[in-house]
Structures are given as C-alpha cells and as structure tokens.
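Here chain A shows up in two complexes: once beside chain B, once beside chain C.
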Partner chain A sequence: MILQTHLLNNALIADIQLKEANLSNSEQFKGELISLINNGNKFVVVNFEQVTYVDSSFLGALVSALKLAMNNSADIAVVGLNSDIRSLFQLVRLDKVFRIYTNTQEALTGA
Partner chain B sequence: MPKRSKILLVDDSPLVLLVIGQALEKEGFDSRRAGSVEEAMALLEKEIPDLILSDYQMPGTDGFAFRQSLIAIPEYKNIPFMFLTSVTDHAHMITGMSMDAIDYIDKDTPITFVISKINNFLNSIRERHEHTIRELSSAAMALNLYSVPQETPRIRGFEIDFWHKSFENYPGGDFIDAITINNRYTFIIMGDVMGKKWGAWFFSFGYLSYIRAAVRLCVSEGDVSTRSIMQKINLVIYHDPVVSEVLSTLSLIMIDSEHETLSYTGAGDLPLLYFSYAEQRINRITSSGLLLGISKEGGFDEHLLTMQPGDQLLLITDGLIDKETPVGKKTDLDSFINEIAKYLGKFNSFESLKHDGFLNQKANEQIDDCSLIFIQKTANDITNTFA
Partner chain C sequence: MKKFVFNNETEGIYPLTVQIISYIQNIAKDIVDDHAGFRIKTILIELLTNSLKHMGNDVTRIGVDLKNNKLYISKQDKGKPLQINTRQVSLSWPLTHSKFSQNEIAIYGDDFGTLKGRVKNSNQLEFFTEDFDVRYVNKDTIMGLNEHYGLMIIARASDAFNYKHKPDTGVNTFTSVIELKQQ
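Moving on to the complex of A and B:
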C-alpha cells in the first residue's frame, strides 16, 4: 500500500509512504486514491510530507483522481509539499487546480 | 549507470541473510532482507523487488504460505519467486514448484551457483523485454506512428530543430509535431502525455491526431489564434470520455513567417526559455493554461513574440529538468537554465547542445522521456547566420 489513511474530523487523511513518487508507482497510487473516492470519501487530504520528488506521471495520477472526485462531488486537497514540489505544482499550474495547504490541520480548517 | 536489480531475501536466520545478502551486493545486486514473512510483506508495501528468494521453513508463516499469499495479491503475484531451503525432499520440491516458483534450490548449493541462476533468469527476462520493445517499436514505425517528425520544417527567417530521447527506448509519452499550413503559417507542437509507458505511448498518437485535426480545421475556418485553437482542443478532450482520463501538457506555437512573429499558448507546460541576443540573458515565458481536459475553460492566454536575429526559443519537457542531488532527486528548472546558458547565443547552439553531450547526459540521468524544440531567428534567409 502506498497510501496510509486515517479519518480526522470529516476528512480522510492519506499519507503517501514514498520518497520518490514516479512512473514506477504512479499507477498503484492512482488505483488506491480512486478506491478511496469510490468508497464514498468526500474529502481526501493527500499528504506529501514523506515525498521528496514527484514526476509528471505521478502528478497525472493525482489529477485523474481529482477529476473523478469532482464528478462524485468530492474533493482532494494536497498538503506537506516541500519547496521543490511546491514549485513544480506552480510551474505546471496545478496550484490553480488543487487546494494546497501547509499541513493537514490547515486543510481541515480551510486556512 | 544501469539499474541495479533488487532482490528480496526472506529467511529467519540472520546469518543466512547476512552471507547471501553480502554475496548479492558484491555481485552488483541491491538486496533487501526480511527475517520473517511478515517483515517481507511490510517491505513489499514500500517497494516491488525484481525477484524474491525465500526460505521454506520459518517460524510462524512458512515459505509455501508466503508464496500462496503473494499469488493472491495481483500486484505481487508476478514477482519472480525462488525457494532457497534445506528441505529438499521430492514432495516439498514438487509442491514448491507447483506454486509458479521459478526454481527450488537446495541451501547447500554454492552461493556463486545461486547467483548464476538469478543472473541467468534476470538476463533472459531482460532480453525478452528488449525483444518485445523492438518488435513493438518496429510495428509502430510500420504503421507510420512517429511521436517526433522525421524532418524539421524550413521556414524563412527561422531555424528549427527537434531533439528527443525516449526513456529506455520506449516509444514515449512525449510528442513533437510541425504542421505547415502554407508558406505563411507553421504550427509547432510539443506535449507530454502523463501516464504509464505503453498507455502514454498509445495516447500520444491519439492526442496528436486530435491536435492535428483541430489545427487544420481552425485554420481552414480562418482562425489562427493559438489561444482559440487550444480552447477548442481542450473542450473536445474535456467532453470525450475516451481521452478525458488521460492528461497531457501541450505547447502550441504558430510561426507567421510573413510578419516574422510567433504566437504561443501553453497548457500545463513548462515555461518557454527565451534567449535574448541583445540582453544576453534567458527570460522565461510562462503561460497560464491548465493541463488539457482538466477544466472546461482551461484559462488559456496567448503570447505574441517578435524575435530578433540571434534570439533563441527553447521548449522543453519535464524529463530534462530533474536532477540527482546528494539528498535525492529534485525538479530544478533554475539549475537547468544555469547549465544550458553557456550554450546559447551562438549560431551553432543547437548543434553544440546535441554534440557536446549536454542533452544526452541530461537524458541519461532521467527515468522519463526528454524532448527539446529549438527555434532560432536568423537573418531573412535560411542560412545559419544572425545578421
């Protein structure tokens, strides 16, 4: 399992347990995240705290899951991005697509 | 450097783990060691090895039960599995081999022989894999499915070059194209389909067909705005259930050779790098558009550029800007810009990027496709001079 999940208030926190998030694990990640949405979770907070590097196929997997979430009236927020990954989100304009928070607590309060 | 194969060793004896683990490392393998099946399952959650070498007799869950539980899990069932055990009576060997194990080896076998077996097996897998890729690549070529054009367009006043290197020779997720509409308008396209290898490869051709059709339809109706064309492509992809699951970046450039201008619209792409000859510096041109198909509107803009002789414009995909550092891999556009700067501003910039090994070295560091489009404004002819 790539995602370790726990419930916190009305959100499902999904911790990515990877250092390098890339082509070799993006399909499994997408499958797991899609299952969480299909299981009826309406607000999933994907936590990148352990991740030091993300490639485009992993970002693609994250965006695919968001599209599914939007069709199911659910939402995905992103937290715990290191400065390089945050810059990458900005470079490819994913900061306009995802709600990005510093940590899970901020995501829950919408700060 | 070739990738080191990862072997997961499972044995309750710390001594066996140590001895075999060290022997494997010495032969260039990357070994992971688990003292029990439970530990092995925990390691598998983090990383899929190239092969599992497991004992049979272990306290708690034994090797057969381990193998059976792996077979029941789709992500694990195809990991090559070998038994290495001292329980070698016929009944056990037959049971072990009946569980789709690739070998059942006696623990008394010299370790060098065990390593030869592992090497032989992994080499045969590699050869089969390379053979399959060769076959599929030639099938793709026979169908005329290139993701990069075979020839670069010749446009008065501009020099255009493409460079592309696919990851481990997979026909890739990056695509490049040039569509010459007439003597005046040429469209240059670059995209990166974000997805797994074969899926990305297949869809990159699908995307290219969409884009080619959209560009030609729009131009035939008198629409030559890159923003408007991008909006139309985005809308079609957004509504098409077949391709809406696949995501792609797209950079769309239109060269107007009559006015000597370029229009640019981007969708989730990296900034263009613009080398200004007069300023002797690289500026970034950032578009506002989102990845294709994410939202109905896409938020696209259009940049109009008038290049002066000597100015150079580079389009790149993200494979080129990743960097290996002592603390791991990172994405770093700033470093890439610093490194490429010394090659720019010369009449043969592209040739030296290609032949000095800069681009190949970047590509070899990556586990992704790498692509670059190079556009240079020349004097008003097609020779390689600035003025």
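Moving on to the complex of A and C:
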C-alpha cells in the first residue's frame, strides 16, 4: 500500500509512504486514492511529508483523483509539501486547484 | 560537454539527478541559486521520466554544458521520434510547415495554459507555453484540467526548450536552456 490512512475529525488523512513519487508508482497511487473517494470519504488530506520528489505522472494521478472527487462532492487537500514540490505545484498552477496546507492540523481547521 | 548515461531504470532517476546537479553546482558555483536549483532538478527529473516512458531498455545520454552563463541540458537517444497526436494534427517527421497555421501546433492544455510547439525547420520543434490568468476556479475548470504535464513542466522551467530529430542517424535530442544569473 502506498497510502496509509487514518480518520481525524471529519477528514481522512492519507500519508504517502514513498520517498520517490514517480512513474513506477503513480498508477497504484491513483488507484488507492480513487478507492478512498469511492468508499465515500468526503475530505481526503494527502500528506506528502515523506516524499522527496514528485514527477509529472504522479501529479497527473492526483489531478485524475481530484476530478473524481469533484463528481462525488468530495475534496482533496494536500499537506507536507517540501519547497521543491510546492514550487512544482505552482509551476503547473495546481496551487490554484488544490487547497495546500503546511500540515494536517492546518488542513482540518482550514487555516 | 559532460555526458551522463541513464540506464532507463526508475531507480536510477533520483541518483542520476543528484549526480548531475552536483556536477552543475561545481561548474557553476556562484550562479545556481535555490530557484535555479529547483528548475534544474525539475527539468532533469522530467527528461529522465520522458526517457523511461519512451525508451524501454535502451540507454539515454544526458549532456550538460555551460556557456556564457547559459546552462544547456540535453537528452539524446535513438528511440522513436517524438510522437504528438492532437485532435488537429498527428506529427510525422520530417515536419511539413504547411500543416500548421503560423507554423505552430497546440500540443495540450487547459484553462491555465497551453503547451505549443513552433516549427523551426522540418526537423526541429521549439516548445513554449501560453499562460492564462485564471482568477476563479470552478468545477468546470477542474474537470477540464490537463493530466499530462511532462513537456509543459520542462517548457515552463526552461528559458528555451526544443526537440531535434536527425533523420540520417535517428538521433532525437531534447535541449533545455536555463539562463543563470550572477549572484
């Protein structure tokens, strides 16, 4: 499993258990995230704290899951981005699409 | 030009990226700030990922050169020429100018921007992006989001980014150029 999950208040926290989020694991990540949405979770917080780098295929997987979430009246937020991953989100304008928080506590309070 | 060999194995992406960045930091000591470092890392990861997607078991060569504070990062292989299939056009090499309006082709995009290619000659395409300022993001914006970011990431992280195909040798070369500034 790539995502280790636990419930916290009204959110499902999904910790990515990877250092390198890339082509070799993006499809599995997408499948797991889609399952969480299909299981009825309305607010999934994807935690990138352990991730060193993200490639384009992993970003594509995240976007694909967000589209499904939108259709299910759910939402995905991201937390724990290192400075390079945050810059990458900005480069592809995903900072305008995802709610980005420093950590899970911030995500829960919507700070 | 310093050359590095990529064996097209996923596990090799990050170690090779670190190795190349270390080399660049050595040859361009005072001109690689944090932002340039991010751009270089991003470009390398995406060039190597592109290679993984398209090259299978063959090797790819990454070249690094620094001239007049311009950093050139190139990826060279002998795989299939760049394939771009859009609703408007399917690219085949050599390119024919008459196929494209104003010698430009829209490759992919969404409300935030479009990746385009400008035909420089029958064997060369220069990538660039047209970016739009989206103030309000709604469900339609999200549903229309592009899910392919590789070439767009490299184009945005580079000051110039192009692709050349050599029909006589079958060599494909992507080259990214970053203008480094003296700190």
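The criterion applied here is as follows: the second predicted complex is superposed on the first by the 111 of 111 C-alpha atoms of A that agree within 3 Å, B and C clash if a C-alpha of one lies under 4 Å from a C-alpha of the other, contacts with A are read in each partner's own complex, and residues count from 1 in each chain.
As a convention for this text, a contact is a pair of C-beta atoms (placed from the backbone, for glycine too) under 8 Å apart; a residue touches a chain by one contact, two chains touch by 3 or more.
Here the structure is a predicted model, which means the values were calculated and not measured.
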(request) Answer with first, second, both or neither: which of chain B and chain C does A:17 touch in the superposed model? (result) first
(message) Output check: A:8 vs chain B and chain C. Expected answer is one of first, second, both, neither. What do you get?
(response) neither
(message) So in the superposed three-chain picture, is A:27 touching just chain B, just chain C, both, or none of them (first/second/both/neither)?
(response) first
(request) Using the touch criterion from the header, give the chain among chain B and chain C with more contacted residues in chain A. (result) B
(request) Enumerate the residues of chain A that count as touching chain B in its complex and touching chain C in the other. (result) 20, 22-24, 52-53, 55-57, 59-60, 63-64, 66-67, 84, 87-88, 91-93, 96-97
(request) Going by the contact rule at the top, pick out the chain C residues touching chain A in the complex. (result) 10, 13-14, 17, 34-35, 38, 41-42, 45-46, 49, 52-53, 112-113, 134, 137, 139, 141-143, 145-150, 152-153, 156-157
(message) Which stretch or stretches of chain B touch chain A in the complex?
(response) 45-46, 48, 75, 173, 192, 194-197, 200, 244-247, 249, 268-271, 288-291, 294-295, 299, 318, 322, 327-333, 367-368
(request) Report the residues of chain A in contact with chain C in the complex, numbered from low to high. (result) 20, 22-24, 52-53, 55-57, 59-60, 63-64, 66-67, 70-71, 83-84, 87-88, 91-93, 96-97
(message) Using the touch definition from the top, list the residues of chain A that touch chain B in their complex.
(response) 1-2, 17-20, 22-24, 26-28, 52-57, 59-61, 63-64, 66-67, 84-85, 87-88, 91-94, 96-97
